[in-house]
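Two complexes come next, and they have one chain in common, chain A, joined by chain B in the first and chain C in the second.
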Partner chain A sequence: MSNIQEFKIGADYYTIPADRFYGREDHMWALYDHATGNVTIGMDALGLAALGDLAYVSLQPVGTTVSRGETLGTLEAAKMTGDLTSPISGEIVERNDLTIRNPALVNEETYTNGWLVIIKPSDWENESKQLVSTEELPVWVESELTRYRQQGWID
Partner chain B sequence: MAKVTIPASEQAEHFQISPDYVRISMAAAIELGLKPGRIHRATCDCINLLQNYPEGCYANCTYCGLARERPGLPEDNTFIRVGWPLYSTDLIAEKIAEREIKHEVGRVCVSQVQDHRANADMMDTIRRVHEKAPQVPIAALVSATLLNEEKLLEIRDAGVDIIGIGLDGATEEIFDEARGKKTRGPHKWDYHWTIIRKARELFGPMNVNCHIIVGLGETDRDLFNLFFQLRDEQIAGYLFSFNPEPGTATQDLPRQPIHRHRRVQLVKYLIENCELSPAAIAYDDAGNLARLNAPEEMVNEAIDSGLPFMTNGCPDRHGVMACNRPYGSYRPGEEYRDYPFRPNAEDVAIIREQMRLDDVWAKTSLAA
Partner chain C sequence: MNPIRLINLGAVPPWQTQAIYHALGERMDENQPDTIVLCRPNEPYLCLGYHQVFESIFDPAECARRGLPVYRRRLGGGATYLDGNQIFYQCIFHHTHMPVMLRDIYSFALAGPVNTLKRIGLNGELRETNEIEVDGKRIAGTGGGRIEDAAIVVGNVLFDFDYEAMTAVWQAPNTAFRSLAQKALHQRVVTMKDLMPNVSMEQVETMLIEDFAKSMKREIQPGTLTDEEWQAAEEEAKELASSEYLDLHKSDVNSEPMRNLKISARAFIRYTEADVNGFHVRGTFWLSEEIIQEAVLESAPERDWKSVEQILRGVAFKDWQEKLTEI
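Coming up: the complex of A and B.
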């Protein structure tokens, strides 16, 4: 399969890379670093498309322990707010303060410099199985596009 | 504001300026599909367009993101705290026409800034929108300082049915401090009223509205007197809640407490819809609401309806409020100042708590 899923909303194209895992409903991405065993967390393009251009980002401080599904912080777009939920459990070991100072980074460099936190996972092996994997990606993207359109969150 | 050295006659070659380009509210851009995103609990039924010139606005209102003396480049600055993206006017007109086919557009509002080109360019923008989407009602939010009777008639003849005028300050003193001579701005209180009344005469009852910002230093008495006057003259009053714009002269001015805004909203509604008389309101020494003598049934019915706390805005072609300016006076993560939709029972419970009305309300009976 392609290492990237591309989809279109209105006139704009968005991508979802296949090198990482995704939260099934919250559209948080999780990229495992084999060297450190840590996981970088961000929000994917579909989640961001439904929120719009970000105006504010708040993130939990380094050292916070989160369980899967708990809040990592909040995102605020011009006309919408959204909670950032953690796709995995563990301890926040780094947070990207650049996104707090410049939230547009999350929209503009979604999968690179727009990451939000790095987590030292407590149960990656089991929890990663509950996330969307590379193999599931094409079907999941299609079904999520349908769900988002039905909800009226995207065109 | 950055100094623009290119003469106005050559600016169109260098900048994306009106009338060929307009700024559009973020909510309207989302609604037209020009920006990604959605609007929490609301839709945006009025497409607000704002003129764009490299100098921003030649007026110097202390609270405004477009003010002449606000630092920074006008194109980088925010207006009501969010960016207003810039698009070609023809693209916007096409998008309005497209949306009108799919789902009726409630209204379009063309807003002027203070600039010598603003009148001619507003007429051009209105014409472009009207040609592409002739059924869509158009309002003009004008700078009174630029207008006279002849220009008001031109606007009316172009198909505009509602005129909005930013009075903003509730009294002459507040107006002068925030917009007039004390700011080295061009606006004059008396001339604003001349244009408001001339527009009222030409456009008809309730087809002219005054924008009033709550929280610029006025008292409740100032506001309520203005509401009585507007009601008597059949001019609509549209409330805004002061929210400091970073980088402006009033960036450090605190917002008014929520209980005051809620009480102002309620009293305005009672004046406009329930024949509340001036004698029903008592003020403290500072001129603020000390006692509201109003029937329990009337007040509870008004509060429970949620209507007093909704955004004041121009209606669509069916008379339903279209211009709801979602999250215009507050951030989406904050408490609503004005609701861009009708508050439900849960919202009303929050409103009651915020308003602390029992502190000032002397309940009377309807017969009293």
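Coming up: the complex of A and C.
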């Protein structure tokens, strides 16, 4: 994996690889597969840094059609729940049941085995333009870190 | 920033104690007031954490026999037995008015209740991110979640606790699990009745309001719910108690009886099985920071494990099988 953006929160270092797109507010990553035209979705390290270790993950079943911004599933960390929102529209064609059985996988192998679902996109060309691209990544990461500092008292 | 709206409901039917904060969360936007709800149920009921599987946690027959309604909340945490001996506080804020980091959200929302305990004269502290304890014992439950644009943190203060009812409705894998859990609950959970029997609920409510205002650095003004909010809460109540909602996550995981139960920040009951030296051993353990405090072993074929159970005290849970092999 090349072009990795690294950042620090407190004493911990996190990475944001530049080979994929990111949801601006939901901290979901989207990796387009040129061979199949499908998009693998996961949660990024900035979002996970805010949550800590996940205790539960639930995901919509295969075959579910989601619109951009709708829920793909839910998560829970330290007794706090939240929605996993879809950065793109399309049909869920595969889901990673390993993350339901072992949510720690999302924290530990965030950009590889910790993926959540694979979506057959309905409008990748247009919707991907609304996501954070490789070129925008450094500025977006910095602005999110600023927001975390302002709203979250991080070091 | 605008004042926080205070909704002090007093003793109300169980559905209101769950449905109102859900409804306020659903309707939250930048024009809605941040709200703190104080209330307590006028009848006992059970509440399931969002991701828990009903059949793994509660024995439906026992719940029905006791006439205990069950609601599933959209917030995290474990199953709870709730009744009128507990004061509930529920903070429903626009998410931009709470910190981003989860641990900071809890610090922000729970500083008030912790300070109230301190002002009463108790050694209240926030441990393990979100557990409010007094001298290492749990005196409250907490949970939270993001519902639409609202960040919600809820909690309670235990004035008394019905240990018997809580343990009776659990779907325990065996008798040892239930009895160890009951013992741990008695030892690791404490109530106002045990520590400060002369402090009234009204006194604590007044102090909570003062301490929320102080810790959140915002004015708190008493308010009322609008007709639309009441209506939305009635709709929420139907969903939270519906069989469809209670059956959530059933297909995601194995619906066996629970094997792991959190009693307090540092007390867990765990059940596991293993084949050791020709025995199929079923072990139930009381753990503190992954160290065995107490063990109950059963096996097929049967044998007396009493001396082994003593040896396992103080052993790391991950080493229990190895220890058995050595013995």
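One rule holds for everything that comes next: the second predicted complex is superposed on the first by the 149 of 155 C-alpha atoms of A that agree within 3 Å, B and C clash if a C-alpha of one lies under 4 Å from a C-alpha of the other, contacts with A are read in each partner's own complex, and residues count from 1 in each chain.
Heads up, the rule we're going with is that contacts are C-beta pairs under 8 Å (C-beta built on N, C-alpha and C of every residue); 3 or more make two chains touch, one makes a residue touch a chain.
Small disclaimer: the values here were computed from a predicted structure and weren't measured.
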Touching partner for A:Asp83 - first (chain B), second (chain C), both, neither: second
Contacts of A:Val66 with chain B and chain C, given as first, second, both or neither: neither
Which superposed partner A:Ile100 touches (first chain B, second chain C, both, neither): second
First (chain B), second (chain C), both or neither touched by A:Arg147: second
Partner chain(s) touched by A:Val39 [first = chain B, second = chain C, both, neither]: neither
Touching partner for A:Leu131 - first (chain B), second (chain C), both, neither: neither
Which of chain B and chain C A:Thr74 touches, first, second, both or neither: both
Touched partner set for A:Leu116, first chain B, second chain C, both or neither: neither
Chain B versus chain C as contact partner of A:Asp53, first or second or both or neither: first
Contact residues of chain A, present in both the chain B and the chain C interface: 49-52, 55-56, 74, 76-81, 152-154
Complex contacts: residues of chain C adjacent to chain A: 49-51, 74-78, 96, 98-106, 129-130, 142-146, 153, 249, 252-253
Touch list for chain B against partner chain A, complex: 26-27, 30, 33, 35-40, 82-83, 326-327, 331-333
Chain A to chain C touching residues, read off their complex: 49-52, 55-56, 58, 74, 76-83, 100-101, 147-148, 151-154
Partner chain B, residues of chain A touching it in the complex: 9-12, 48-53, 55-56, 74, 76-81, 152-155
